[in-house]
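I have a structure here, written as structure tokens, and I will follow up with some questions on it.
Chain IDs A, B, C and D follow the sequence of writing; residue 1 opens each chain.
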């Protein structure tokens, strides 16, 4: 097997974007639990995100969600983040919380509603210019709940038109990434339900339109690493939204539900050229810490990605190819499992320490008193959540 | 095939409980859309429910949800409903919206939290005495999001203890029905995930503890009519929560997603003795009208149940048995499909009219002006929703 | 609603291909039951298929499977079919029953195995020239059972190369349709698991390469009619393999498991221009009659498709569009359901009779004595099955 | 965390039954690949099983399948196995490969067919007396493919009667374990589809009737460890059939598809008292080595179970309980993951060596030449498979 020493250079390149909304409250349709210390502003979210990066060295960017993170002065926000060692990352649009979008946004039959949704994306692009963000991420909640409610085909055509208008507005160094989702909040059909649809739509737009793969947005049993391999092959994998799931879009901590699946995904990322300095694939978390603490939840998450990346890098690819080509099923599988079962945590702790980071980021954060401090400080105001 | 004339007596016996919360706002974790005319009080919910019964003759009861429908004087509420031709039905408890229940209610490791949840059920039983309700329905949101978060086995034992305490408090003519749910709001495990668990728990309690089957609470591919047949065979089918789903617990209009499944379920209900004057099975809706109008949504729902019941009653059971016993697969299947494909709507319309009801309840309600009236009248106040 | 009279001209255009293998024995890995009268030769299969067409007027073509239906003289076979009122349809290749393909065929790492599989398709193309078949259908069993067993990405690239070689060999009026399948016989990954993969592969080949949609080859919960609409929109829906399923690739009679789904699929076919004289979409059955009689199983199947097509044609599309555009969720859904719930069987029986066909094809076939005749005649020999 | 040294005594107690059929050929409905060296007789299967035990010390029993493993003299077979260090284990009945069972066996409407199936189980019980087997395992293929084909409720009642007849015949120290399966080979309904049905049926029989849990027989998303915990709590977990799956009943090597799930299952086994000298739970493999070598496939499987058992034993249960009770979600989850991520393989290798076993059983078997020897020796005859 490959040695740990030989992969540290690659590990150094790893960077994972944190979603600003992971630091706010979230929950289910049944209940959103609030917790002491939850940020009230995007600045407080960024301060929390900085904690994650301080302890792990893995999370140098924070993704924004508009309008939840709207501010008057995005340059100031960029500076604010910069002072804390962070850059502002992907800008996420929102077309699911305005009453106008009850029956669709970019797909709506009413041209005025579509234009409203397009204009919102124009605004996001403006923000991107100010924040220096490279990616505009579009997740559409558009869909229907009942057969017949909408014209599936017509909606697809309108989606293509709307995306075209948005794409044209992108700056030269900006990209559009289109997320797909199997279901929810729509229950009969969603307008971008699978990678095929996202791929067909972005392929029609141009080179700077790509697919965003959210690991929680698939049908039961879907082989996600296959999609990763395919999109890399087609040159259309733009970014990841990492999380994990047992059932639906559970938005649990990445790697928590099926660590072996995360390993396989990262192996295909690496094998397909999606990792490292020559790759433009963006890695982001998209999670909900409904019952666990948010900052350590994010720390745990980026560590999970790092640990699995290390394991995936350890695969002896030369030996694996030989086993595959000789039809040695158990041998090939064994080579993959060898890497997966390797406990990389001690080596990572030592390496982390050698770089001036905490050997055990979870313990170091817990010992820092930050959580108690924000719980004491952040009194009054409205805790951030999905509402805005 | 059986003739329509021969089944009308049985149709007359049909009664479906409406959930009070179906008339309030509901939605997903992403958005709850509000609509003009939404009730602000339980009295307004009852008034709306009365509309459904007035046009269909199918919905003589309204189920309550505590604390959402708490009032000072339940006798007065009972009278209020009675004046509108309705009785108060199943009382539904709620142990998922209090901060104390973040890590469980009846299953919590902390005895004080368990007692709080037990006391809530004692309160519900008191309300049942005042409202004349027969059934206490328990749906537990208890569960965990991460492996290791809770002790699955210990929680089950505590659940048994808590249910025992509640069961003992029931009045002589009262029943406890325990609902099961595959997942949501918990994402790793739920404490009552399947009919087997609900059955094992209620069997340990006694004769007046039964299973509640919510048609939307199963794993993909589950044969629900089999569970219906099994629970009737075991004498433990207490009640239904009707709705339909494409993916998870979508809570769509019953029969909307898979009408043939609803037909098969009702066929097993009838075949197993769960329908008619000798049965104690309670039929309830449990739905969310997120994007459609609520009152016509409920009208559509009870009509769907009625239409499928009529089709299921039309099955020529004698011929079916003969085909089954002779190994005539296509013949047996054909007999079932004959009934399913029969368009019972004209006969039902005529029969409805003969009983002084609207031939077309959807059209009659739309023409009545009620929707416009409540939209105009119900100004101010807080629209009812899941929050309370 | 549209009247039945106005759709009969469209119904006249309907033609469904029957798979030759549906008349042979099939089963599961646990058991293949044999039945008296099962064909021993392709000629006997064709004779049986002619029965289906004789009683329904719906099935003028028989699809072949190579090598199961290999003969020395395909022109003679074509004449044989022609004399029975049938044409020979799609040619289906087979790269899953030769020991050489244990680890792949068109995707194999060994160039010699790939060439063998390519040559098999060349042979199929030769057969197509002789039979007058238009479509070469490729369903690949290629895949792996264990993570690491194969190089997912490399296999995809080799697949593209192999398909390119085959495509180049096609005659001018011939098409290649590439089927996808979620799983089975491979259990970890399949090389063409979803419509997106099939689409990406055929798009790279050219205009005469299209996607084949088998209704049983999707993940649980997949909205198949959406895929239909999307592929029609992209101009890449080549053909259907009709069947139905409750769980996996059950290959049950089309419409048997979820009739409403079949209706929705056919509605999108019609709405998207996939039905009628201007469409090139091919409609085929692909089923296994494991426990039911095969000929009446096929009759039942084509009738199911016809009945659902009639219902789908009855949808009042103008009214539906109006309801959709006005946000009338229940109204729009109601318009669709009105058509679905209409019992078209009496009108179809009358119309069938007016065309000189059996009013009740199932009864007419049963009364014909054909089944008894073949049971008596077909003694000795080897009953056809999947083995060859 | 618990130390490895403290768990070795428990590991010593581990014993896993091997299924005789795992050494024969298996496959899918599409193809069964044969391999050189495949056993032709039950004696050769036992010889192969002895290899697995020789290298691992984990597999002292071989389960039989009747009629596949029928012999004239079971005492002699018992001696044959004993000479190779093995005992004969669970006897598995077969009511799915006789034409009489096309429409059911223990559930059939025809009393003569039911009696035939009951008699087959009587024969199995006789064999158990001769072989010294403790468990009679019943997996029923009974079910239907089409709605209406059978009377679901009536079949359940007949099943109860048939099982009662079989149960009565059991010897004093014999047990009946009833397996459940979600689907396949039946596609609409199976007569024992879930643990609830198996539990209800065996609970009606008596103390020596228990549930068999096959890890591959559940709906997508099912939390299997919950079922383990529940059945142990109810005192009704009789045995395991271990394997793994991505989609349906894939019968892959246990732990291959989702190692973390296997860990969670074994953790609940241990926590619930199902492991060790005081437990009567039987652990068996039930797998199909369709494309990989069979003997090393079995070696890999028992090692997977051992490695995951070791990890599960390493969980610091005291600390876990404390974290659970304090609501420390991330802490509790972290304690579980710590054990899962621990690489126990070096310690197990050393411990194995200390007991005179191969440090690396896979390598030792490969180096032994046994595979080459049987490939050379076993020429002619009929390779064992599912056919007999």
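Simple rule for what comes next: a residue touches a chain if its C-beta (ideal position, glycine included) is under 8 Å from a C-beta of that chain, and two chains touch if they have at least 3 such contacts.
Molecules present, by chain and UniProt name: A, B, C, D = L-rhamnose isomerase.
Please read these numbers as outputs of a predicted model, since none were measured by experiment.
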| item | value |
| --- | --- |
| Both-way neighbours, i.e. chains that touch chain D (L-rhamnose isomerase) and touch chain C (L-rhamnose isomerase) | A, B |
| Between the pairs B-C and A-B, the one where more C-beta pairs touch | A-B |
| Separation of mean Cα positions, chain C (L-rhamnose isomerase) and chain B (L-rhamnose isomerase) [Å, integer] | 40 |
| Chain A (L-rhamnose isomerase) and chain B (L-rhamnose isomerase): spacing of chain centres that average the CA atoms, whole Å | 38 |
| Contacts with two or more other chains, residues of chain C (L-rhamnose isomerase) listed in rising order | 102-103, 145-147, 149, 182-183, 188, 220-221, 223, 246-247, 256, 260, 291-292, 329-330, 333-334, 337 |
| Chain B (L-rhamnose isomerase) to chain D (L-rhamnose isomerase) touching residues, read off their complex | 102-103, 109-110, 145-153, 156-157, 182-183, 188-189, 193-197, 199-200, 218-223, 225-227, 229-230, 232-234, 260, 264, 268, 271-272, 320-321, 323-325, 327, 329-330, 332-337 |
| Residue numbers on chain B (L-rhamnose isomerase) that touch chain C (L-rhamnose isomerase), as the complex places them | 220-221, 223, 246-247, 256, 258-261, 291-293, 296-297, 300, 307, 329-330, 333-334, 340-343, 345, 362 |
| Chain C (L-rhamnose isomerase)-facing residues of chain D (L-rhamnose isomerase), complex | 26-31, 33, 96-97, 99, 102-103, 141, 145-147, 149, 182-185, 187-188, 220, 245-248, 250, 252-253, 256-257, 290-292, 386 |
